[in-house]
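Next, two complexes with chain A in common: one pairs it with chain B, the other with chain C.
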Partner chain A sequence: MRGDGPRPAGQDGPEAARSRRRPLVATRKGRRVLATGVVLAAVAVAGLAGPLVVPYNPLGVRLEERLRPPGARLRDGAIAIFGTDQLGRDLFGQVVHGARVSMLVAGSTVVIAGCSGTAVGLLAGFTGGRTDTVLVALVDLQLAFPPLLLAILLAAMIGPSLANVILTLSVIRWAVFARLARGSALALREKEFVEAARALGASQYRILLAHLLPNALTPLVILATLQIALQMLAEAALSFLGLGIPHPLPSWGVTISQGRDYLQNAWWIATVPGAVMTLVVLSVGLFGDAVRDYLDPRFQP
Partner chain B sequence: MMPMIGRLPRTALLLVVILAASGLAQAGPAAQPGTLTVAYPQRVVSLDPHGTAAAERITIILGRHLFDTLVTWDPAAKRFQPALAERWRSVNPTTWEFELRRGVKFHDGSDLTAEAVRTTIERAKTVRGPLTPLFASVTAEATDPLRVVLRTAAPLGTLLSNLTMLGIVPAATPMTPAFGDRPIGTGPFRFVEMVRDTRVVLEANVNYWRPGIPKVRRLVFVDIPELSGRVTALETGEIDMTFQLTPEEIRRLRGSTTIKIEVGPTFYTRFLWLNASRKPLDDVRVRRAIARALNISAITSSLVAGIAKPATAPIGSNVLCYAEQPPYGYSGAEARRMLAEAGYARGIDVEMKWNDALPKEREVADAIVGQLALVGVRVRSTLQPRAIWVDDLVRLNWDMNLLGTGAVTGDADYSLGRLYHSRARRTGYVNPELDRLLDEAASTVNTAARCRLYQRVQEILWSEVPGVFLFESLEVYAYRTRVQSFTVPTSEIFSLSEVSVAP
Partner chain C sequence: MIGGVVTIIFLIVRVIPGDPAAVLLGTHATAELIAEQRAKMGLDRPLAVQYALFLRQVAVGDWGRSYHEGRPAFAIVLERLPATLELAAAAIAATLVLSVLLGSLAARRIQSTADYAIGVLSLVGQAIPNFWLGLVLILVFARTLRWLPSFGRGTPWHLVLPAVTLSVQLIGVMTRLIRAGIVETAGQDYVRTARAKGLAEPAVMTRHVYRNMLIPVVTMLGLQLGSLVAGVVVVETVFAWPGLGRLIVTAINNRDYPVVQASVTFVAALFVGLNLLVDLTYAALDPRIRYT
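== the complex of A and B ==
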């Protein structure tokens, strides 16, 4: 995808041009992007590399070490930083390994839902007419369902597995992207540069891919960052209900759900992954905000 | 009179309202004298003692208070005791005669007659429910107003056990489940109201045939499904009693001075069925290896501490005809050796299906998977939604299945005959000798002779391992100290007829 299509005049103010040429650390907006990005990068590294460093065996049940508080020294001399769960498994390892599952699910579902939704939205907005009517009706139909309820229905029907969770959560999110992409396409298709491309004899596909898509991308990227947070929560919710990540894969939602029964005397089981998840979701949200502010030249905080 | 109500009384009234409101806010609804409030976790589907919910625990418990049975089983004395029937005798192997207690009245004022017993038997057969098969071959005849003769198509060894389940209802009770909305019995309490998913209210039957019973005026069962809600209500005094607690709550409440905790037996056993009709579980050595790979006492002392103890037979130790078996003998090395001997030195792959209806089942499932992994039994653990799980279970579509069952009637036959006869097709295990023993036991009327047969059945099930029998469930009762003379029942079915409350 090339980003060299003519930009709509309004978005290309001198300020934007200036801030974009300067390095990220030089502006306040840029520093915010970096600061929130660092947290995310840390989680990403922990999720990707952590499992290689932190050993965790979901089958490693040690009943004699169960419900140890954070920082407890186990019988083999190791220290359980986050404590142990109801079966004596290390909670730190569980959280690190759960991060991988959470990120995999959130990342892949946003990519799948984002790509398919964007394609549908751009096509609908750009072609208009009957195609638009049909596609918009589909989008509205999808949006009329409460997303989590639909996810529960689907998950209950096809059964719990990692692939099914990804499929389910992709299905419930594409319409959001489609609606946004269609709006952008509707606005963009009347612009002079599209007219120009058409006048120069560019094909429909070239106009869609080379001119519309790059210009519609910014809001979609911002939406995607926000959706990542929502998808992490949705995965946790599904797992919490027993319809998400199946045994023995660790997932934050599964850990929280099982720790709920022990809140009275082993608060850490549900609280630690809950706090980590809150932190990650919050930083994804802040990162999304920062990126929007950074990319939007007219926004003055 | 009107002008007399001046300013002062109105102020006083206001004051009373304010005081009452502040009192409520501080202590919750205060316990009422003579009223015993019990919170239960299950839904009350119906109070019909013969309907579809007849084997549901809460329906049986409420039935204990509303209805009487002809006979009751006394596990301490190991014999049947008279209740509505004062005397009975087996005329011949297929005929029983019962002589009813004189002067017993139903809550609606009608007399207990042989006709009522006949109606009850007919009703249990007509209103479809779990009791229907127990009485399918029984016919009743009222030979005189207080004498009833029960005839069975073939000798029925379990008849007396089954009768301990059968709440007697008045003659001419309609054969419709609507009776469950306004049940009438001879029991120590009469029905007042049932608000679905909220509460069931009973009041004392002052004409009860056993003198001095019941001891409380009103019995209120409130529906609080969430455990934390039940425990909080108990701590604030909103309720007097509850049951089904987790090991964690038990440990916490043991420190309380206002709440007493007691543990009692149940008819419930939990087990891991091994499908002997599938490879590699068709090999008894593999099944025995699995039994020896499980460290059951490690689980009962941690995950299910206080709510289960290691099983010592395929049925609970309080069930009629229980015969104690030796422990499986936990040994990982031995389990590995037995697997290797069976030709699976590299271990086996099996799937375990389960459903999380039983307390701590998720933790138990995880622990089993972890323990079996140590000896090379690689288990795919599949948690299924209840409906799908039941469907797979009865179609034998599983390698291993984690579940439990209650001997509802308290008789060995209810679990053993129903589940392990090859005709039942429940476990995948087929053994003609076992079938013969079960058939013979079912048609033996003499209790001692029956128990000898069931003892052999239990030995076979224990050594052939169609399932690993894990735990005997225990029941935990938590009640405030104002509840007096509560005796731990011999099964999960408790009665509050002899309990009193301090004001």
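== the complex of A and C ==
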């Protein structure tokens, strides 16, 4: 799921390009992408359609129903599948809304970090010279800092809020994308098609956007899918420490952190959201692996 | 590199909202008292001056005094260091032993049931949020079975749950890598030659296979140090382990700038130092690599 990251572009053979055009269902690897993507899509839909799945306020306090175990029938006849928490709030509702927050944060931070990192990396690799030196120094400096330690410091600085979590987690990840994009740009700018474009009088921007970017995209997409799981874990860890999503908003990290005080008499508050989260992160990881195998045919697991 | 890290930390820490002077004096402080306290702490000076003073202090090893306890921040950090080192060392040791064991077991018969089981386990290990795993372990082994203590530091038994929690994710990553490494090296010609000349299987594994896959393994362990650092902060918080990670979290909550600066810089420096150590290990492992 992590670690064995993608290689910079510029090394794929023509076979790779051709097989990529075939529909997903046609190959074994493509079907694996679809199969693992289904779980992910289900979670995404549950998150997006949260108010439909949970047509009541997940933060509705009902003290008379507090600390009910999973599957308990409440007084109004409804069944609390995952039980209720210390204030009688429905845990299932919190988990669904937590999925919403988790998907939103992971998705947006990967897009923001991916786009900014790619832009910086391509620019550095393509222009070279002083720009490259400065940008590479910046990337190296950031990578010398353990990412989550930086996130904890930054989050403490700007205070807990949804927007701030997105900002923080974007800041800690752009450098990885920048390094990969720069490697691709360095390899690609020496290729004949770039030279040809330049000979035809294409501007720098055109070469960057129309020639380098499309050819550097595959490893970046692979990296992005692998980063989603990491960002979900990072958001939950920040929220657990009280530095992420602020208290009443339902986030997996927040719910688990609250359940910590009730481990003895209500084990489900802390354990159920974590189990759901593990399953989601696992399926995101499997999806990332499937995407990598599909897009990078030469990778042998 | 360390200079840059120090600068980043200074900038981030000084922009944390909330006035430490106000926090220190409590809710009943008057505006004059707070202003006086700010002047005493040097917080009324321009940022550039604060930065220069800070750099001078760092150069002479003086990190200022904790706003909270009044003791030198660096002394507090050093006091917490052994606990963190103990935890990290235990986690790394557990990771190496278990991942080599599991990785070898999986690589012995590729695509066997054991291989698949270990593969699934290592994926799950990477997907589990460590703070949640910590709570589950406390629930099972400390609260329900009452085999192990749930928090604090002291006997070796106190170390078990935090170390396990911290290492599970690393074990997941490393097992996968070690399996792949063994499978790749085992297919090499020199391994076939070693077997063909009648070398016993344990000797083939240790002298030819393990030795040659050590470099990628060490590289990977180096790359994982970053997540180990993050894990230390979270796991120490879960288990109330009196180390640097918990110090960082409590110091941030107390707005104790000198302690935050000292502890984060110290951890970051430790991280850079360990990475250097990883690079130097290459030369020891592979005689072809020389640093000039």
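Just so we're on the same page, the second predicted complex is superposed on the first by the 272 of 301 C-alpha atoms of A that agree within 3 Å, B and C clash if a C-alpha of one lies under 4 Å from a C-alpha of the other, contacts with A are read in each partner's own complex, and residues count from 1 in each chain.
In this text, contacts are C-beta pairs under 8 Å (C-beta built on N, C-alpha and C of every residue); 3 or more make two chains touch, one makes a residue touch a chain.
Quick caveat, the model's predicted, so the values are computed rather than measured.
*Asks:* Taking the superposition as given, does A:Ala156 touch the first partner, chain B, the second, chain C, both, or neither?
*Replies:* It touches chain B and chain C both.
*Asks:* Is A:Val25 contacted by the first partner chain B, the second partner chain C, both or neither?
*Replies:* The answer is neither, since A:Val25 touches no partner chain.
*Asks:* For the three-chain arrangement built by superposition, which of chain B and chain C touches the greater number of chain A residues?
*Replies:* C
*Asks:* If you stack the two complexes on chain A, which partner ends up touching A:Gln264: first (chain B), second (chain C), both, or neither?
*Replies:* Touch status of A:Gln264: both partners.
*Asks:* Return first, second, both or neither, reflecting whether A:Leu200 touches chain B, chain C, both chains, or no partner chain.
*Replies:* Once the two structures are laid over each other on A, A:Leu200 reaches no partner at all.
*Asks:* Considering only touches as defined above, state whether A:Pro246 meets chain B (first), chain C (second), both or neither.
*Replies:* After superposition on chain A, A:Pro246 lies in contact with chain B alone.
*Asks:* State whether A:Leu59 touches chain B only (first), chain C only (second), both chains, or neither.
*Replies:* Touch partner of A:Leu59: chain B, not chain C.
*Asks:* Between chain B and chain C, which residues of chain A are contacted by each of them?
*Replies:* After superposing on chain A, chain A residues 156, 242, 264 contact both chain B and chain C.
*Asks:* For the complex, give me every residue of chain C touching chain A.
*Replies:* Chain C reaches chain A through residues 1, 4-5, 8-9, 12-13, 15-17, 123-124, 126-133, 135-136, 138-139, 143, 173, 176-177, 180, 220, 223-227, 229-230, 233-234, 237-238, 248-249, 252-253, 260, 264, 267-268, 271-272, 275.
*Asks:* Which chain A residues qualify as touching chain C in the complex?
*Replies:* My answer: residues 1-4, 140-141, 144-150, 152-154, 156-159, 229, 233-234, 236-237, 240-243, 252-253, 256-257, 259-260, 263-264, 267, 270-271, 274, 277-279, 281-282, 285-286, 301.
*Asks:* So in the complex, the part of chain B that touches chain A is made up of which residues?
*Replies:* Interface residues on chain B, with respect to chain A: 228, 246, 248-249, 251-252, 298-299, 302-303, 356, 362-363, 365-367, 369-371, 373, 381-383, 385.
*Asks:* Residue numbers of chain A touching chain B in their complex, please.
*Replies:* Contacts found on chain A: 59-61, 63-64, 66, 86-87, 156, 160, 242, 246-248, 258, 261-262, 264-266.
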